[in-house]
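Chains here go by letter, A, B, C and D, matching the order in which they are written, and residues are numbered from 1 within each.
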Amino acid sequence: MDSLPLKTLPDVLRRSPYHRLLGLEMVRAAPGEVVVRMPFREDLLAGEEEGGRYVHGGAIASLIDTAGDFAVIAAVGYDVPTIDLRVDYLRPVTRGALTATGRAIKAGRSLAVADVEVLDEDGKPVALGRGVFKT
Amino acid sequence: MDSLPLKTLPDVLRRSPYHRLLGLEMVRAAPGEVVVRMPFREDLLAGEEEGGRYVHGGAIASLIDTAGDFAVIAAVGYDVPTIDLRVDYLRPVTRGALTATGRAIKAGRSLAVADVEVLDEDGKPVALGRGVFKT
Amino acid sequence: MDSLPLKTLPDVLRRSPYHRLLGLEMVRAAPGEVVVRMPFREDLLAGEEEGGRYVHGGAIASLIDTAGDFAVIAAVGYDVPTIDLRVDYLRPVTRGALTATGRAIKAGRSLAVADVEVLDEDGKPVALGRGVFKT
Amino acid sequence: MDSLPLKTLPDVLRRSPYHRLLGLEMVRAAPGEVVVRMPFREDLLAGEEEGGRYVHGGAIASLIDTAGDFAVIAAVGYDVPTIDLRVDYLRPVTRGALTATGRAIKAGRSLAVADVEVLDEDGKPVALGRGVFKT
């Protein structure tokens, strides 16, 4: 696989049709650590009515998968498939952009582990994620 | 919360902006078990180029969250928030609709557990999911 | 690594000091599927007093790790390290042996996934497990 | 349930038959954070022979369950059952005590989430854990 330097990662992320569908953008890339932002949009909501006007758990899981994956890419320099993903939802989000910080905890020869923390616009934790990736 | 009879669930699912964004539709609803379908679309792909033309793991996680959630709704009769979600990716998907079968394994007074299996159009397993929901 | 035929697996399991510490024994081994039993013992209990007289979650996690691991061994024929493990506790166990059935869901060139179901003596589900193993 | 002050927690931990079986001891207890130690012992090993002389994943999972559980107890003041547990194994351990630091990330009215990091005697990360507990 081609090497992916850090400075190209925001473009690599944007070239994904699914990332564009959700509006994901990379805010920062450092070795083994990235920040990915998901702006608030009505079509990310779980429901239209009173009780459902919070960001869908699937959108948050997508943000976490992406931030974890790119944290590992930022550590190893090439694209890596997700082996498994776990998400803990801490509080519902009713407004404002979400910011996910992904960090590669381990980046071995065959496997990598990444941790992701998602914060809302007030800096409150919204969800935690952890994933295993194939390196 | 209002009671949600089985026959209304396909409509409830469709009323979610996020479900419409991904194109999710409910194929079947029985007590504690639902089938949710995600038709193949270019904008669910992880990448545009050769190596990335597979359905994004976040889209599959969204399908799993939705199928697990609605399996529990189909068991308890009201909307339930996801507490945590786990996804195991078994093989990449490059074409065709995905079908997720969600089953409520446990539906207690405070918590429910649901299992989800995602198959591709050939009936091959693509991903497994498990989630805990607040009842 | 040496090949491990199915019929040797009960002995392989018993040769582990930790399995002996917990009293684990293999009841059955078939290709990709094993049954492991953990007899009830006072020293597996979480507490001595009224509210704590149930089998410790760590003992159940150990049983699940072992059953999942041996299910993969029964599929591939050699020892495999656990990459990650997940356990869902469905109900507390206050008496009787536990029986864990492990099944290899996937056994690929680099990774395997196993599912484990733990039942109590009445056949009621006690816990569910899933793990990823390095093949 | 009775209130459990921080200073009583090392005793509470020691009163569990299963904790004594594994040799677990509490090193430190602060609000929402505990450190639990598992001394190295031959009977925690996965195997007796060359390739198996590492601490069994089930013992590490037990240590993580215990540290997470007590971190939540140290936050809320009473005993809490584990709802689910996840363990990521980072490297095998062949000698020396393990030290698990558990932290309550969230302690809500109905649920708590705890993170656990396990280090070996050289301070290297051995495993990561996360669990959901019923408060």
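Keep this in mind: a contact is a pair of C-beta atoms (placed from the backbone, for glycine too) under 8 Å apart; a residue touches a chain by one contact, two chains touch by 3 or more.
Bear in mind the structure is a predicted one, so any value in this text is a computation, not a measurement.
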Between C-D and B-C, the pair with more C-beta contacts: C-D
Longest centre-to-centre distance from subunit A, chain (CA-based): C
Chain centre separation (subunit C, subunit D; CA means) in Å: 19
Subunit B and subunit C, separation of their C-alpha mean positions in angstrom: 28
Per-residue overlap in subunit A, given as positions that touch at least 2 other chains: 83-84, 86, 88, 132
Subunit B - residues contacting subunit C, complex: 86, 88, 90, 105-106, 113, 115, 125, 128, 130, 132
For the subunit C and subunit D complex, residues of the former touching the latter: 1, 15-22, 42-49, 51-52, 56-59, 61-63, 65-66, 69, 79, 81-89, 92
For the subunit C and subunit A complex, residues of the former touching the latter: 83-84, 86, 110-111, 132, 134
